[in-house]
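By written order: A, B and C. Residues from 1 in each chain.
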Amino acid sequence: MTTPLTPPPKKNPQKRTIAPTRPSEARSRAAMGLSAAAAEGRFALQRCAECDTLQYPPRDVCSACLSPDLSWKDISPEGEILAETTIHAVSKLYFRERVPWRIGTVQLDAGPVVICHLHGDCERNSRVTLINRLDRSGQGVLMALPKEGSLNMEDDPQLRAMTSDPKHRRILITDARNTNTPALARSLLDAGAATVFIGEAENWRPNPMRDELNKMANVHIFPLDVTDTSSVQELAAEIGGKTDIMINNASFIRPGGVLARGDTGFARDEIEVNYLGLMRLAQAFGPGMCSRTADGVNSAVAWVNIFSVYALSNDPEFGCFSASNAAARSLSQNMRADFRSSGLRVMNVYTGPTDDDWHQLVPPPKVAPIALARSVVQGLKDGLEETYCGDVAKDLYQRFQNNPNVLERELTQGGDGP
Amino acid sequence: MGLRQAYDGVALVAPFSTPYQRYSTDTAHWWIAGALRGALGTAGLKPGEIDGFCVSSFLLAPDSAVGLTQHLGLCLRWLDHIPMGGASGIVALRRAARAVQCGDANIVACVAGDTNHIDSFRTLLSGFSRSASDASYPYGYGGPNANFALLTDRYMQEYGATREDFGRICVAQRSNALKYPGAMMKKPLTLEQYLDTRPISDPIALFDCVMPCAGSEAFLVMPEEEAVKRELPYALIGGTIERHNAHAEDPIQLRGGWTLDIDELYEMADCDAKKIDLLQTYDDYPVICMMQIEDLGFCEKGSAAEFVRSHDLTIDGDFPHNTSGGQLSAGQAGAAGGFLGLVEAIRQVSGTAGPTQVKDANHAMVAGFGMINYDRGVCSGAAIIRSGNS
Amino acid sequence: MSQQLLADFAAQIVSGDIRVVDLTHTLDPDFPVIILPPEFGQCARFRMEEISAYDHRGPAWKWNNISMSEHTGTHFDAPSHWVSGRDLPNNSVDSIPPENFIGAVVVIDCSEGTAANDDYELTPEIIQEWEAIHGKIPKGSWVLMRTDWSKRSGAEYLNMKDDGPHSPGPTPDGIRFLIDQRDIRGFGTECVGTDAGQGANHTPPYPAHFFLHGAGKYGLQCLANLDQLPSTGAVLFAAPLKIKNGTGSPLRILAMVPGDNS
């Protein structure tokens, strides 16, 4: 078993905050495939389409038949440890600050032999399950876990370094008015979050969820309006230094596309909330969070965006909303670039139509708040960058991967006309 | 496949080693030039008298052998650059010997050298190979220490070798180094000290690791009649082998490419392991020495631990091994580490080793091993050389 | 004559014989605006973004970009704001004759009734009771309904319930009386609109907007400091921004009242 993490002591104001360092980021283009799979929490290796040989380390051509036709396939993550070492001395600062660090050589049942991180509960020469996770450089790495799991497994320091686990962390949810907020707050508290801060815009308007949120222990509501720069800056000044996970669920949605609307009014609101709101939050909270990514048990660790899956390809019924989400998604990629060197992870949760007023006319399946909350918490525990919540989102992502141009046609095709 | 042609008529002369330094503010160019100058001086040659040049170095960038020709003022008709780390010496010897034998060059200078700035080892590691960047360094960034720790761990499990067994190799080499003026390590090492030192990457501890340093090594290859005419002590080549990416199917490296070619090597050299008077292995870690002792035919696979327990590996012992202290005690001067054993062996069989001279050293086996591309050393080579002046 | 009058006016402002009362709320991002059902277009809140602040974006100067609706904060409603006034001449803020921005003002104090009833409404009877004390409302006057509502803040201000907001305003008859019988210049309140919070339930809905603007009259809302005005005898200065075809505008509203020295 792993020694359970204890809640961190209060910060000693006389001590300098440890500056972020990170493992090596350099990878070949081929190896980025592993990182792309890790971003989604998949364990995948390259497989040769001609002779089925699995490749590792990643290659440009098959090492058995020289075919260039290699693609990343999910494979069995089971294997056995052949050898291990505990590293005590190392020149790379990130590891130097974290030794002893345990790695091993694992023979996969599927064939390849890999060097990987070893979870502290893996016994010598034992059977293991491999996971593919992003490390703090943002690149995919393999880690062996005990095959049968172990007690408090998620608290292993090497594993926790790969994840964004909410346990003992302080989390800001930006929009108390979103119908998903109570489920998000409760799920995060159940996952061990120390505190949930919730931002509420326009407290001069009633908020039907306020009472429910106020009743939860360790929940604190603060004024926050993502469309108001001064409001965002004020809250960042107040709690930015103890925001470990940001969950931006502020969203403005109205139905309609370009012609159905006839003006830019709602589009402006959508951009103000969904795009500029994200930018304001990133500008106000990003620098502080980036400086605290090595700050102990409750270090700043992740930034979560909740996007419509139609950020990938426009849904004409919600055409302008989709466009604002596409803009926000692009901004999230920019945030990743800006946050990368600190190790602060940006996780985008793509959801299908949510079960709320604005999707009344959309047929099921629709994403319930609790389902979204589960995706957020699981994604944080797995340290993901991209996750898709609900059948519609998963289906759309698969079609997007297959052929984005075909998907666009499917989504935009009209009737036959008169 | 028939036996390869013999290396008849080719002489190895003028072995030269610069004294190693822990850190140097000079460049790889400077160190390479120093060894070249030393070898030429030993042979009484002027730079204009060589027409072939072969270089190995990790830190020449952005230059290569080409840049060095102009930098060093050499007009050549044969030029090579061998990027094979610990196998560079053997491979340079093979290439140069054939060039001389076939008349493509008359006198080839083989040189290896690197500098060692503060932090240059760390930066060298970070760009060492694509597979290392992709699949090794992200895992604790242990570099070769961690890689060889894994091999050592498996080797110990498979064959029952112990830390004491590895320690015997290191202690004997330190004893040899104390007689070698160019060595970095000047203090004796006991088995107790070896066992008590701080861990680096279990089961590897401090004295299992080489000390990165600056230094250079060189020797000349010329027709035997040229060496005789110039009255230079020289060595002859009994046979050589090289092999790359052997045993790729082994899940973890417990043997090297030597096993594929060793019988042919002895056949070419017309000798066997018993006739070898001294062995120079590539010793970046003691487990690799054990692998070579086995794979080069000195004992059965898996029994090297017993072999080192029952043999004296010092200069005056019954199995002289790494007589200049090897990299473990002389230091690892980058790519020059791949030349260290070969240059010492040329000195030994040509009777010019001085304080480290093994008595009656007629046959020497030299092995090279190099380039942890991902999880194992990819290049291996070996040569048997013998005394030319006997 | 008028030259002397203006000179006296200026002198009395300096001397304090005439006191200037600011009836304006500060433009603040968090100041409430009217809330319509969400499928309708909404009134933009006041927003301010720094352009530069003596920094790399402009080393020696500070300035901001601001944005808002025509109907954000303390603001003026022109006749074109409502469908009933859409075809009137000079119905937008840029075309209203400037002399209409200055005029006499009377204040009907409804603060007592409002304190007892959030949905307090101004009726012709209440107006006539007021006139019995203060005299007939002069033609062309601004009429302000004092409720002390401006002293509320946060959720209390809109006072939004499940059946909509609850705040004071005139009945249809009340506003028609002021327009038809007294020919006022305009009507002002301390609430977010000239109509009562429940004004949508009247016939016609939002009677103050409907009748005022249909008659070419003006509205003022989100007023403050009405408790500092006399019932009669003050002059109001309320000039909206000159926005092309604007239906209203945030503005600074000043009242000139007899000072303590007078």
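As a convention for this text, a residue touches a chain if its C-beta (ideal position, glycine included) is under 8 Å from a C-beta of that chain, and two chains touch if they have at least 3 such contacts.
None of the values given here were measured: they were computed from a predicted structure.
The minimum number of touch steps linking chain B to chain C comes to 2.
When chain centres are set by their Cα atoms, the one at the greatest distance from chain C is B. Here the largest set of C-beta contact pairs joins the chains A-B.
The distance from the centre of chain B to the centre of chain C, each centre being the mean of the chain's C-alpha atoms, comes to 94 Å. Computed centre separation for the pair chain A/chain C is 50 angstrom, with centres defined by C-alpha atoms.
Chain B makes touch with chain A in their complex at residues 121-122, 125-127, 130-131, 133-143, 145-147, 149-151, 153-154, 157, 198-204, 248, 251-252, 374-375. Residues of chain A touching chain C in their complex: 202-206, 223, 225, 227-231, 254, 263, 265-266, 269, 357. For chain A in complex with chain B, the touching residues are 23-24, 26-28, 30-31, 34, 56-58, 63, 82-92, 94-95, 101-105, 107, 113-117, 125, 135, 137, 139, 141. The residues of chain C lying in touch with chain A in their complex are 29-30, 32, 35, 38-39, 41-42, 45, 47-50, 153-155, 157-158, 160-161.
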